[in-house]
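Supplied in structure tokens, the structure appears directly below.
Chain IDs A, B, C and D follow the sequence of writing; residue 1 opens each chain.
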Amino acid sequence: MSITYLEAIREAQARALKEDDRVFIYGQDVGAFGGAFKATKGLAKEFPGRVLDTPISEDAMVGTAIGAAIEGMRPIVEMQFADFSSVALNQILNNAGTHYWRTNIPCPITVRLPSGGTKGSGPFHSQSMEALYAHYPGLVVVTPATVEDAYTMLLDAVAIDDPVVYCEHKYLYYHLKADKLPADRLPIGQARVARAGRDLSIVTYSAMLHDSLAVAEEMAAEGYEIEVIDLRSVKPLDTDTVLASVARTGRLLCVGESFPWGGVTAEVIARVAAEGFHLLDAAPRRVNAKDTPIPYHPNLWSAHRPNSKSIGAAARQLLRE
Amino acid sequence: MLETAGRKGSSASTRAALHDRYLEAFRWMLLTRVFEEKLASLYRGGMISGGVYVGRGQEAVSVAGALFLQKGDIFSPLIRDQAGRFAFGESILDVARTYLGSRQGPMRGRDGNIHRGRPAEGYYAMISHLGAMTSVTTGALLAKRFKGEKNFVGLTTIGEGGMSAGAFHEGMNIAAVEQVPLVVVATNNHYAYSTPNEREFACVDLAERAKGYGFEGYAIDGTDLGACLETIGGAIKRARAGRPPQFVVATVLRLSGHGEHDDASYITEEVKLEPFARDCFKVAEETLLKHELADRETIAKWRREFSAEIEEAVGRAQQEAAPQGDEEDWHAISDRGLIDQMG
Amino acid sequence: MLETAGRKGSSASTRAALHDRYLEAFRWMLLTRVFEEKLASLYRGGMISGGVYVGRGQEAVSVAGALFLQKGDIFSPLIRDQAGRFAFGESILDVARTYLGSRQGPMRGRDGNIHRGRPAEGYYAMISHLGAMTSVTTGALLAKRFKGEKNFVGLTTIGEGGMSAGAFHEGMNIAAVEQVPLVVVATNNHYAYSTPNEREFACVDLAERAKGYGFEGYAIDGTDLGACLETIGGAIKRARAGRPPQFVVATVLRLSGHGEHDDASYITEEVKLEPFARDCFKVAEETLLKHELADRETIAKWRREFSAEIEEAVGRAQQEAAPQGDEEDWHAISDRGLIDQMG
Amino acid sequence: MSITYLEAIREAQARALKEDDRVFIYGQDVGAFGGAFKATKGLAKEFPGRVLDTPISEDAMVGTAIGAAIEGMRPIVEMQFADFSSVALNQILNNAGTHYWRTNIPCPITVRLPSGGTKGSGPFHSQSMEALYAHYPGLVVVTPATVEDAYTMLLDAVAIDDPVVYCEHKYLYYHLKADKLPADRLPIGQARVARAGRDLSIVTYSAMLHDSLAVAEEMAAEGYEIEVIDLRSVKPLDTDTVLASVARTGRLLCVGESFPWGGVTAEVIARVAAEGFHLLDAAPRRVNAKDTPIPYHPNLWSAHRPNSKSIGAAARQLLRE
């Protein structure tokens, strides 16, 4: 048997629905249709009345989930694309994100954001929005990069008492497979050394993990041992694991798929520069997408996002310094 | 609507013409009036940080909803709903503590003035963004249905200004799709801050929007407590009985500034002569006197009693320790294992 | 390109029963049908990146608006509006180039498929977020008023699904407040992607919402080209003449998947028997034949001609250079002095 | 004569309205009332029909401005508080921010965000949102910290062809005064050395400039020469001026009023670490607000935001390293 990243998301939801009465799924086309990407395939039938199609009302979808969560439910909201969460952002940041702090009553919603670029998807179906959500207080923001994490982190997201923005990468949906669902898990908040090395640390997350691993593999042939850290969650961000890696390698390259101003890569570098300055043997570097909307044409799209060429070039340059 | 029954010179029969909770409602209105006068004076005295927003002129609409709510119901009020908040069970001390920033208040000084609630008791704490609470209330009702609760309703409020917000529209529509027992009480007080109705909407009758959502809709004179009790009470009854969501639009004039900082000089003398510019409180008071449900002394006595309670609560809140930065844990999430360790 | 008056052989009286732009409209519908069939086949052949969204079943509604627009007007279409786009003046080559990502297309490969426009010509380029274009169109009309232009209107479209979006509500309301000459054409094709009307809204009649906004509202059978021309044309005329904003809701069935990737197996056989499930194109074709405004051969000839034009445009677009990353300047703002120099 | 920061904003708008027919102002209560903060006081009367009250519809306010801008107007949208722009964010990021890049037609809107904390304003009337807007492509994001900048940068914002998010700080409205309106201007995109020094560079913007200057002044008494850089615009961000300062001082402290994850301070440190690593004699540091919503109570508020105490402590620590 083999299971894709997408199937892992489905299975995690099936299990959450099965094991916890408080769980329901709320989103456009998630019911009988099984979701635009089929992440809820079959669930409406298996769990009647608990997987509900919604109107095209992202603000109200999240608002409804918030009210239900305050009353003790564990809603999972599926955005059809992360990009459309821009119209739900107010409820996520200002309502869900502030509720526990203001009232002492937690607001355990999970908002699933099908994120990231795929060929031909263009400016409004490709975005990675983790930075907007992580900047504001009160939210946990996770970015699973593996089938295993897609599964366990979604179960964790539902289980924890705080609002979680779960950024699932659309490119990984079908491209990533595992033999089976994991039996145990690394908790949210811990980064993972995805590949050990001693010459350079690439710190990354989500789909960029795989481009980074490819670069590490490719450069291994050139004799470099590149360590690759998968952040797994960008908030909380596991600074300790990153610092430990930089302590080993002395060199830091951060790779993210989102826009270049701010965001995860800036935050990681700012932390390492502040807390691990003396660990660094060379200037840390970032590779991000370009500072334009995400292009439709595959040629432009692959030039816009970081890729093994641009990551490799940055890594080589860093190793020369 | 009450005056319609037009009776004076009291007798059992004329009293019966009054809604049986008229007096009770009036007392909440009185408490609100007295308390908000106190808040305004504290504000003028520089004793309150931030703004004070009062419900003067719309106490009748506000109280009329909350009065019919019961344990297990959800109440999501907004800034002009002090009367409803009291009727729903909020304590005088909670109000005083929140305005004065006591750490013992329900918001512990973290949030202030009217941004308070006790969600565990069904009393929701609004965020400022208008319209946002409509869907939240809907979600609470959905949860109750999921949990198998019975006989519950939710009530939330909105101003005619907030009705322009996209969030309000989405919330109304989704409530209707979910057919939750929701009552939405809108108050058209003719202004959103300084903005008059002409620049807020262009329809003839806001209650007309009910139909477009699949709500049952009603328009009432918000200066008439009896009409408010009758219609909003009826709406709550219908929602509880499983009818579609209910929408009531009450017409009044805001008899204050937007907040106490605002002298409302933009409200024209002309508009103040409109029938909707009557003070619901005075109308109710006169009605009570006329029907001899209370005499002036009794009302004055109540006022004194309320005043004393308020003074006590305010005094107490003022004496309570203020929150201190170094006593806060400064964490916005509840799961201590998931706190981001910032640099 | 259009033979506006193809009339032969039929009696004046029957012909007169048809809207005088019926034939012209039909030809745009035909062009659309032929082109969208081509696009679907290119999609199946893996020649198109991303999605293909067609307007099958709603060409009549779409064309009926755009046909009455003139230079100086604003047209803000959505994904099912290929017919309207053609009628507004979009070239076959623009469509082909955008779908095929030619750098010579109006979007230069930066945006694709239906996300295109030529704003300098009043033809707006939608963003995906449903509802967002309603206020944008309103703003364009406001600008024209500021600039002293006369006699202009704007037309934008929406699906019944997009009507749930907060942005749509805000856009409708603000258009009414500004009293701009806006026509909003909504098409209830009974589904938003897979979601049926029951989970989209709970009102009896979406056209009812017009009143709640202060629009003039009309409900029409979107499978009837004549009705579409009549009512939407009338709405445009009224808007141009200074009447309040106009809202037309047309009822149809989406005769395709949401996109070409979707087999729409969720559309029940039952619903396909409903009167609104008729194919507006076939209805129009039969009407033309019946009224002898065109015979089968003529239509077949037009189809061949369109087909040839399309093949040529597609062939040309396919041959054109694709955009290349290293030829882009990768700047999203126009002022070169204000470009952020990223690290 | 003396003119406040708030009056400068009013005067800039008056001048823009006067000199450019294409300008109009759009927002809640901006008309006869003159705006919640009186930033448009008297303008509706002076420029009839060009200063328009809107419904409470932030999305549509910006959408309307976008349409008008595409047709050649120069709308200024006033948000009543920056915090409410969360419900207009989609139009700002996805519509205004992408329009020029997608269509080659510019979208010259100016969105004014009354930003930042003031006593007793609480979680929803105190936010600084520059990071959300700067992260996305296509926008210019300015953060004037002086009366002069409030004036000239607003005029510039209206004049330039791109969408500008103009973050004006509410605390500065009345607290900041200048003798007169400036005759000339520093262009947007250039940072300013607000105080020269050689021991430490404090890089900051908006109201925090003044807390930082106070610290510099205070520490001057202790013999430290602290350089203070006012970024003025956070996008574009003037890396060169920052690097030149760090080259002089070898020490970098970034101060921002927004939340600690990501944002301007992270971006500045990431740039300096990447481009000026060898200029640094010590680990760079940040002082931000705390990672919770902004508290209502003045005691909590002043502990939540950076202040001269926390800035001073960080500066002293940095100078010891």
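The working rule: a residue touches a chain if its C-beta (ideal position, glycine included) is under 8 Å from a C-beta of that chain, and two chains touch if they have at least 3 such contacts.
All figures in this text were calculated on a predicted structure; none of them were measured in a lab.
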{"item": "Both-way neighbours, i.e. chains that touch chain C and touch chain A", "value": "B, D"}
{"item": "Each chain counted as touching chain A and chain B at once", "value": "C, D"}
{"item": "Per Cα centroids, the chain farthest from chain C", "value": "B"}
{"item": "Chain B-chain C separation of Cα centroids, rounded to whole Å", "value": "45"}
{"item": "Centroid distance [mean C-alpha coordinates] between chain D and chain B, Å", "value": "36"}
{"item": "Computed distance of Cα centres, chain D from chain A, in Å", "value": "30"}
{"item": "Where chain C and chain D are represented by their mean Cα positions, the distance between them in whole Å", "value": "41"}
{"item": "Interface hub residues of chain B, defined as touching at least two other chains", "value": "107, 110-111, 115, 127-129, 164-167, 170, 173-174, 177, 199-201, 331-332, 340, 343"}
{"item": "Contacts with two or more other chains, residues of chain A listed in rising order", "value": "54-55, 57-60, 83, 86-87, 90, 94, 97-98, 101-102, 123-124, 137-138, 235, 237, 261, 270, 274-275, 286, 290-293"}
{"item": "Pairwise touch network: line, ring, star, complete, or other", "value": "complete"}
{"item": "In the complex, chain B residues that touch chain A", "value": "74, 106-108, 110-111, 115, 117-120, 124-125, 127-129, 132-144, 146-147, 166-167, 170-171, 173-174, 177-178, 331-335, 337-341, 343"}
{"item": "Chain B-facing residues of chain D, complex", "value": "28-29, 31-33, 36, 52-60, 80, 83-84, 86-87, 119-125, 260-261, 285-286, 288, 290-293, 295-300, 302-304"}
{"item": "Residues of chain B that touch chain D when the two form their complex", "value": "48-51, 101, 107, 109-113, 115, 127-130, 161-162, 164-167, 192-195, 199-201, 266, 322-326, 328, 330-332, 340, 342-343"}
{"item": "Interface residues, chain A side, partner chain B - complex", "value": "22, 24, 50, 54-55, 57-73, 75, 87, 90-91, 94-95, 97-106, 137-140, 160-162, 187-189, 235-237, 239-240, 270-271, 274-275"}
{"item": "Chain D to chain A touching residues, read off their complex", "value": "59, 83, 86-87, 89-90, 93-94, 97-98, 101-102, 123-124, 131-132, 134-138, 235, 237, 258-259, 261-267, 269-270, 272-278, 280, 282-286, 290-293"}
